[in-house]
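Given below, in the form of structure tokens, are the structures.
Heads up, the next two complexes both have chain A, just with different partners, chain B and then chain C.
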Partner chain A sequence: MVKKLITQDTRMFLTGNEVIAYAANAAEAEFMYGYPITPQNEIMHTWCKLLPKTEAGFLQTEDEISAGFSTIGGILAGKRAFTATAGPGNVIMQDAQSMAEMMRIPFVCAVMQRGGPSTATVIYAQQETRLTCFGGNGEGFRIVYSTAGHQDLYDYMIKSFNTAWKYRFPTFMLADGYQGKMREPVTLYDPKSRGITMEPTPAALRAPGVIGVDREATHLRNTFNLEEELMEQLDKYQIDYDKMSKEVEEYLEYKAEDAEVLIIAHGIVARSAMTAVDELRAKGIKAGLFRPITIRPLPVEPMRKAVKRAKQVLFTESANGQLAQMCLEKLYGLTTPYQTLFKMGVGVTGDDIVAKVETMVQEMANV
Partner chain B sequence: MARTKIVLAGEGGQGVQSVAKILVEAGYEAGKEILYIPNFGVEQRGGVSVAFCQIADEKIGEPRFAKGDIIIALSDRAIARCETYTSENSVVVYDSSVCTTKPTAKCKEVIAVEANKIANEQLSARVFNIMILGVLLKATNVLKLEDIKNAMEIALGKKFDAKPELRELNYKALEMGMAMVEKVGV
Partner chain C sequence: MITTLDVKPDLAKAQNAAAGASKFCPGCGHGMILKTLAKTIDELELNERAVFGCDIGCSLLSWNYMNLDTVQTHHGRTTPVIYGVTRANPGTVGIAYMGDGGGLAIGAQHLVNAATRSENLLVIVANNTNYGMTGGQMSPTTMPGQKTETTPYGRDCEVTGRPAKAAELVASIADPNKSYVARASVSNLRKLNTVFKKALKNVADGGYSFVEVLSVCPLNWRTNNEGTWERLKTMEECFEVKEFLVKEGLE
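Moving on, here comes the complex of A and B:
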């Protein structure tokens, strides 16, 4: 049993990577497997620095392939284990993540996005959005929370463990290099004080009892002989996924109720959008924000309602429309016109969004 | 809503991030809302290192801003890099004893300081960045000297206790840095 460091509400001034390590401890995580990659390293560093006090475990593996599969191993043994990665590391961890999808393993991973493709930058991007949602040779049976700052990092890291173990789909907390490296105040708390009970983490392998007498055999498959066998299994997963979706979907609306221009953004860019919304409203432009917090599954119904209400939509991302593509498919049939503000691997500022929305409003007036 | 946006840029190894850390720690301890992003490449040394700091009275939205209120550039490359963060409302401070070029982007005011030269000649090259912190403190005028001294204790207290003369040296550098800017709160 690990020792929890945070027993009462504690205000701290931390980097996001430090927050994640504290959150994993608050969630009673027992083991982290990982391999160094910027901008994720300090999650591992902080986790390790705290080990003498937490009495948890850590294994640095030889690469992310190994880190992913080791995490699966820890989970099968009944440990609340997790990993964290970024960029090219996220790419090569897809093999293990796909296996977790196929075998319904409660895999938990924090992704701190950096610029891509390939090594690119070590700083920041939102270019692992599609990869984190749909990476691997499968259908994206995953849950992805996109965070927008340190309080989110703490809240959703804790939540990721419970979502993963409750629904048995791999669960990701998608953040980025800004959130990992930046410092801002955050309130750490004991989940119990917020009425959060951690889901139990029973072992899948070497569980106690005699097979056939005390318990059923555990049969985790990732290999199938017949096409039909595979589809039968995946159809069942799809039913589970759709049922679960309604329960886990989360979103945040900011002044979206009467918005004429609706900004759709996720993660840290949504925070810039909130700054922009305030500035635009001060100038008399009715702007609002729709921020999907779960970007897989997307909160489709609320998003469609918000888009339908608006006169125009703006998609903005630090990528070339990875979220927009996922949303547009779900918005099929609606006729609200949209524009885009995409900056590949570069932060979107409030000023960027204000300027773009002003142009959109002007264009609309000229029609 | 009062929000001060600061860009601090220099060569890797000049202590840009160390200064930024002390500044934001001081702001946090003083009860301000803070958001600090260190921005650097893959180099251990060299390359331009940039710190984006925001100090505000209310919760901060955007993590990265387009234009800084105050920009401090400590090398030629940093001057060039910072042009993009400069607007007509920005005050640009540069170290004329390090840089061979001058900031040319349109801005409200350019202030030249000679912190590197003065640190080398009168104190120690090691407190160059603390002198810059003094410049920043006076130019922004959102934090008090006491706040910065508290944050220096948090960051450097153990070193100070081992060698008390270091505390005096750093305080002196801080004051000399403050004296380099004429106007309080640019």
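Moving on, here comes the complex of A and C:
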């Protein structure tokens, strides 16, 4: 049993990566497996520094492939284990993530996005949106929370563990280098004080009981002999996924009720959008924000309602429309015109959004 | 009149009787290795502590061979899954079972790093000098001149390099105070039993063990019984069968 460091509400001024390590401890995480890659390193630095106090476990593996697979090993052994990665590390960790998808392993990973494709930048981007939601050779049976600041990092890291273990779909907290490296005030708390009980983490391998006496041996596999055998399994997963979606979907609307221009953004860009909304409103332009917090599964119904109410929509991202593509598919049939503000691997500021929306008001979108 | 003998197969407790008929090709070496392993686990009474992991390739067909908690993983990834288990749950006797492709090609970084760190597990590489399940391509251990689907005119070491020597490699990097490293062969299952016994004892005491087992693949080798045996003897000349590293005091 790990020792929890936060027993009462504590206000701290931390980097996002530090917040994630504290959150994992608050969630009673027992083991971290990881491999260094910028900009997520301080998650494991902090985790390691705290080990004498937390009495948790850590293994620095030989790469992200093994970080992913050993995390799976830890989870199968019945530990609340997790990992973190970014960029090219996220790419090679897909191997393990797809195994977790197929075998319904409650895999938890914090993704701190950096620029891509390839090595690109170590700083920031929103270009792992599609990869984190749909990476691997599968169907995207994953849950992805996109955070917009340090309190989110704390809240959703804790939540990710419970979501993963409750529904047994790999769960990701998608943030970015800005959030990882930036310092912000944050309130750390004991989840118990918020009525949050951590889900149990039963062992799949070496479960209690003697084989052949109390129970049969466990044989876990991800290989199937027949196409139909596979489809039958995946059809069941889809039913579970759809059922879970209704319970897990989260979103945030900011002044979206009467918005004529609705901005759709996720993660830290949504925070820029909030400042832009205030500025635009001060100028008499009725702008609002729809921020999906779960970007997989997307909160489709509320998003459709918000889009239907608006006269125009603006999609903005630090990527070339990775979220927009996912949303547009779900907005099929609606006729609200939209425009885009995409900056590949670059931060989107409030000023960028204000300027864009001002042009939209002058010249109506026609897409 | 035809009469059948009502003789039950001699199964180890660590073998899963419910798995039914063997999934391996006739003449395959996996069955011999796995059965020997199962008997050794019985002898050491490690059944309740053992966790068995198998790779992709023919080794995956062992996913329900053992009457042990088992996980079938991905190409080359059995080693990290199993050390993930033993790190999280010390006292587990972790066994990572794979072929020469999984051990020495696609999973080589795990072989090297698990050995360097001397992780607490037993890594078994069944070396049959080719990729069996994918149809007989060259593997890192294909012998000089050996014909495979991707070396149809024989392995030319000038072009493809020399055969990889797993046991020698591992012995040179594993911690001598924690490790047992050996190469055995399916030509002598009694000897293999002795090797597995030492390897498992060492892992049960918290150590790292590596056993390479020279094995056979008559289907892809396109050999009959005699040819298979001859090939195995040639392999034993190419890959020295012996103990490479024995932790002091291990018997």
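In the analysis below, the second predicted complex is superposed on the first by the 354 of 367 C-alpha atoms of A that agree within 3 Å, B and C clash if a C-alpha of one lies under 4 Å from a C-alpha of the other, contacts with A are read in each partner's own complex, and residues count from 1 in each chain.
Quick note on the criterion: a contact is a pair of C-beta atoms (placed from the backbone, for glycine too) under 8 Å apart; a residue touches a chain by one contact, two chains touch by 3 or more.
What you see is a predicted model, and the numbers here were worked out from it, not measured in a lab.
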Superposition on chain A - do chain B and chain C clash or fit: fit
Superposed model, chain A: greater residue contact from chain B or chain C: C
Partner chain(s) touched by A:Gly321 [first = chain B, second = chain C, both, neither]: neither
Touching partner for A:Ala217 - first (chain B), second (chain C), both, neither: second
Centroid geometry (CA): angle chain B/chain A/chain C, rounded to a multiple of 10 degrees: 110
First, second, both or neither for A:Arg183, with chain B first and chain C second: first
Chain B versus chain C as contact partner of A:Ile72, first or second or both or neither: second
First, second, both or neither for A:Ala96, with chain B first and chain C second: second
Contacts of A:Leu59 with chain B and chain C, given as first, second, both or neither: second
Touched partner set for A:Gly347, first chain B, second chain C, both or neither: first
Chain C versus chain B - closest C-alpha approach in the superposed model, Å: 25
Overlap of chain C and chain B interfaces on chain A (superposed complexes): none
Chain C contact footprint on chain A (complex, rising order): 30-31, 33, 57, 59, 61-63, 65-74, 76-79, 81, 95-96, 99, 203-207, 210-212, 217-223
Chain B partner contacts - residues on chain A that touch it in the complex: 13, 38, 121-123, 149, 178-179, 181-185, 268, 271-272, 274-276, 278, 347-352
Touching residues on chain C, where the partner in the complex is chain A: 13, 16, 47-49, 51, 56, 60, 63-64, 66-74, 77, 79-89, 92, 109-110, 112-113
Contact set on chain B toward chain A in their complex: 21, 24-25, 28, 33-42, 60-67
